[in-house]
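In structure tokens below, several structures.
One chain, subunit A, links the two complexes that follow: it is found with subunit B in the first and with subunit C in the second.
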Partner chain A sequence: MKPEPLQTVSSPQKGLSTFDTPDLPLIYIDDFLPPDRHNVVNHNAESETIYSPPDDSSKQINAPVVFPRTPPLIQEHFIPLQKWEGVVDQVKSDYFIARLVDQTGTTPDELAEFMLDEVSKGDRTLVKPGAIFYWNIGYEESLGGQRKRSSIIRFRRLPAWSAHELEAAKHDADRTRDILNWR
Partner chain B sequence: MTRIVRETSSIGGSLGGPPKSCELELSVFGPGYGESILVHLGNEEWMVVDSCINPNSRISAPLEYLHGIGVNPSKAIKLIVATHWHDDHIRGLGSVVSESKAAQFICSSALRKPEFLTLVHAYGKQSMMETSGIQEFYKIINIMQTHQSSQAPVSPKFAIAERLLWQRAPTISGDHMGRWISTLAKRFFKRLTFSTCSFILPCQVHALSPSDVSLNLAFSEIASLLPSARATKRRIVAQSPNHAAVVLFVKIGAVSILLGSDLEETTNPNAGWSAIVDSTTRPLEKASLIKVPHHGSANADNPRVWDEMLEKEPIAVLSPFVSGAVILPTKTDTLRICRRTDKSYSTAAARPGGRIRRDKTVEKTIKETVRSIKPMYGPWGHVRIRTDIKMSNNREWNVEFFGDALPLREMYG
Partner chain C sequence: MEGFKDTAMASQNPEISSVSVVLIGSFNPQIFQPTWFSCEELIRKEEAEAAKIQIIHPEVVVFDLEWLRMEVTRDRFVAITEKESSFDILRDLVLGTFRILRHTPIRMMGLNRDMHFRMASEEEWHAVGHRLAPKEPWNGIIEKPGMRTLIMQGKRPDDFKGFIVVRVEPSLRVPQGVHIQVNDHYQIEDQKAMDGCDIIMGILDSSWKTSQERSKKIIYDLMEAK
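Then we have the complex of A and B:
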């Protein structure tokens, strides 16, 4: 039986380095990084993007030479100094009031007023009473080692209520009503 | 009847021991966000009204206090009242219910509709809604269901205007040793043996609200909070006034207490405080003590309450609220209350807590990002008032300040 030809890895979305040639497939060192190193925040985009490595189970590699890639400048690491979880309490014409719960230490809950301009355009429609967001303060560090102080507000995109969830809640409520004679 | 009020600041924060069997105690705790009240109903029986967390220890304030004075909550707490389900009045109440194996749980009749339980089950399981009032109710309901399986008394009692919630009839009992009557009796009848005979202080706890009109408003509000399929999940944020808050009137012997909860006045004469004052079936005694409603705010003030429901110059206690756009009580509120009685006290100063120390880089970025930021909690304090119920004349009241508690006249200098 004739063996099937070995598949090669191709990364058309990745930029070519000076070592790349169209004929010789290469594999890059970041394909072997652990998953957490792939969680790179792209701060120029409006929301978090996560790079997923190729599915290793469906490929075989025939390129033994590994070259380091020159990373694109937009890829940066975020070094957090302070994290809060926030809940929007009130929304005014150009600002909102939110309650902040410290996720880094044990400082007491705080109440803060944010200008709506601090929220990215893509998240602004999410600013409603009860909306949950994260506020992180820290350093963005480029792979070249440059540091930039940064404040990132990111609203959670929570799933919608499903009919099944609401039906289950009603069922549990009926059960509690019977057990506790809550009537 | 003359009245002596002694004001003392606790030295070193020492709580001392529990009140005597014949002593009434009203303790009000307040960290600037939240409020809790403990009442010693006499005969070693206690009532907890709402709960707040001590921001320093992160423990429910009434539980921490009872343990601190050597009282076992599992036996001593007979009543737990959740006056309403807003976050600031219910934090830590789950742990109180959990520890109080002999207590009757009471909440507003506004919560008896199935829609509220559906709301609790829908939101209670969502981890994102941590620390909300609904989440705390979810805990309470689960604990009550556990108690149910252990045969403890658990079905809730629902408070509505003009309902007697609990009472202890004045009886002679061999089970309860009323120390004061024994002491008195022994003094005069030395040959008699009183080891099997004691007098139990009469006590009644009445609900004065919510009224029928307030209930309907609350039912509508709760129904409107129920999510529909495909609606985005969010944390529940209570926006409306406290229509359905439970106001309590407590009679212990000859002394009465009015606990105003967060009930506000409305334009509808059949709701809010107007409905209570106009009620012809409420207890007609005048209260010597008042927990001032809604942190002393003007919209919870009804002058007729002071004229018709309270003794002249009553002892008034409030807790401040520092986490809103307006800090309560305002200077105007303070002056208004002090004009009505100079025996008015606050659990703490009405100002946000101290500045939080942080990394300089973080501090700088915060300043660049937000318009303002302040701690939700203010200073922590506790006002304790005790009096001996057996005194009929020359009643002596001991008012003690713990933590940041202070007379209201000193709040704004």
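Then we have the complex of A and C:
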């Protein structure tokens, strides 16, 4: 069987790659060089001498956008221990009750109470019956190696369905019901 | 699936783990600003106020939140998080964004999973390269062959159009580390993409969990292969 063309694995400068980290590595693995990257020669210049067949010349290629390389996103490493998806069942004055589904699949669904104070202020307006949230428990480890126990609750944010989308969903449901002849 | 979880749990934890969603289509970068996301209630107001803006320009927007980096050009949208507790939040943000901008033509999507592992010893680090790229075929052709990047492409195991690409290379971020990336690539016909992004977003919504589990399994299988 003929393999799929590799075009979308080309460099992102051509705007086709769905990789997010396009950089070539600067070091070799296995025996050639030590793992100490500070002693490594930058070999990227070599890649300029590799022949690559030109793309279809009839297509205009836009000038590349080159992103500045920025530092790593976060400075703390999160080590997950447990993860649940929750659905708010009832909201009381200072707490709410939710049904939790274990995302690691090791324990059955359960009900739990959460103090509203455990929810970030920016998410409090989202605490309503039916709202979905994610609850992660784990360790946050700093670059210095210091670990701290962490419990993170974050509510799902999705825009409300539009009238058009609701109508389309109703239409699909009607069609399915007709196919099943379910009255 | 349980077998996969057991395998994953038995393995060493990655030093860095990230997911990203890369979309290829036609975008108006200037829309994608923290204040817009906040006004649409896709992120918290406090997050928008604390955003670190790298650049806002008609051609390119780059900004960071505590848990997210976003890079948008006219043909490429990238949202990435390295915070494992925010992986699903990233999916929701992309879904929410393009539920609002539903007429945006998008024709390709990459659901990418990256992990950087620190190897216990230099020997183990070298062994990964020896195992995945044996040196025998190179003997006498080049001196001291070493694996710099290995890219393998495979068929999709489902009915979607696209492919799966796995890249293995020395980590640039973790000393004595191995970086493995899985590019779970989906694409649709250009004509369908012109109608908007409902199809691609439907794939994102329905395939996210499967994709994440599959990519994780690929990475752990590679790390544990003998």
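Just so it is clear, the second predicted complex is superposed on the first by the 98 of 183 C-alpha atoms of A that agree within 3 Å, B and C clash if a C-alpha of one lies under 4 Å from a C-alpha of the other, contacts with A are read in each partner's own complex, and residues count from 1 in each chain.
Criterion: a residue touches a chain if its C-beta (ideal position, glycine included) is under 8 Å from a C-beta of that chain, and two chains touch if they have at least 3 such contacts.
What you are looking at is a predicted structure, and each value in this text was computed from that prediction instead of being measured.
Asks: Is A:Ser120 touching anything from subunit B or subunit C once the two structures are fitted on A? First, second, both or neither.
Replies: Second partner only.
Asks: If we overlay the two complexes on their shared chain A, which of subunit B and subunit C does A:Asn136 touch? Say first, second, both or neither.
Replies: second
Asks: Tell me which partner A:Ile97 touches in the superposition: subunit B (first), subunit C (second), both or neither.
Replies: first
Asks: Tell me the contact category for A:Pro159 with respect to subunit B and subunit C: first, second, both or neither.
Replies: both
Asks: So in the superposed three-chain picture, is A:Val87 touching just subunit B, just subunit C, both, or none of them (first/second/both/neither)?
Replies: first
Asks: Using the superposition on A, tell me which residues of subunit A are in contact with subunit B and, in the other complex, with subunit C.
Replies: Overlap of subunit B and subunit C footprints on subunit A: residues 150, 156, 158-159, 165.
Asks: If we count contacts the way the header does, which residues on subunit A are in touch with subunit C in the complex?
Replies: So the residues of subunit A in touch with subunit C come to 3-4, 6, 8-9, 12, 15-21, 23-37, 43, 62, 65, 67-68, 70, 72-74, 77-80, 83, 85, 104-105, 120-123, 134, 136, 138, 150, 152, 154, 156-159, 165.
Asks: Once bound in the complex, which stretches of subunit C touch subunit A?
Replies: 1-2, 5, 13, 15-16, 18, 20, 22-24, 40-47, 54, 59-60, 62, 64, 66-69, 71, 73-76, 78, 80-86, 88-89, 92-93, 95-96, 99-100, 108-110, 112, 114, 122, 125-130, 133, 135, 144-149, 151, 153, 155, 163, 165, 167, 169-170, 172-173, 175-179, 181, 183, 185, 187
Asks: Sort out for me which residues of subunit B touch subunit A in the complex.
Replies: It comes out as residues 33, 55, 112, 114, 117-122, 125, 128, 130-131, 141, 144-145, 148, 154-156, 227-237, 239, 323, 325, 353, 356, 358-359, 361-362, 364-366, 368-377.
Asks: Could you please specify the touching residues of subunit A with respect to subunit B in the complex?
Replies: It comes out as residues 81-82, 87-90, 95, 97, 99-101, 107-115, 118, 128-132, 135, 137, 149-151, 153, 156, 158-163, 165-166, 168-170, 172-174, 176-177, 179-183.
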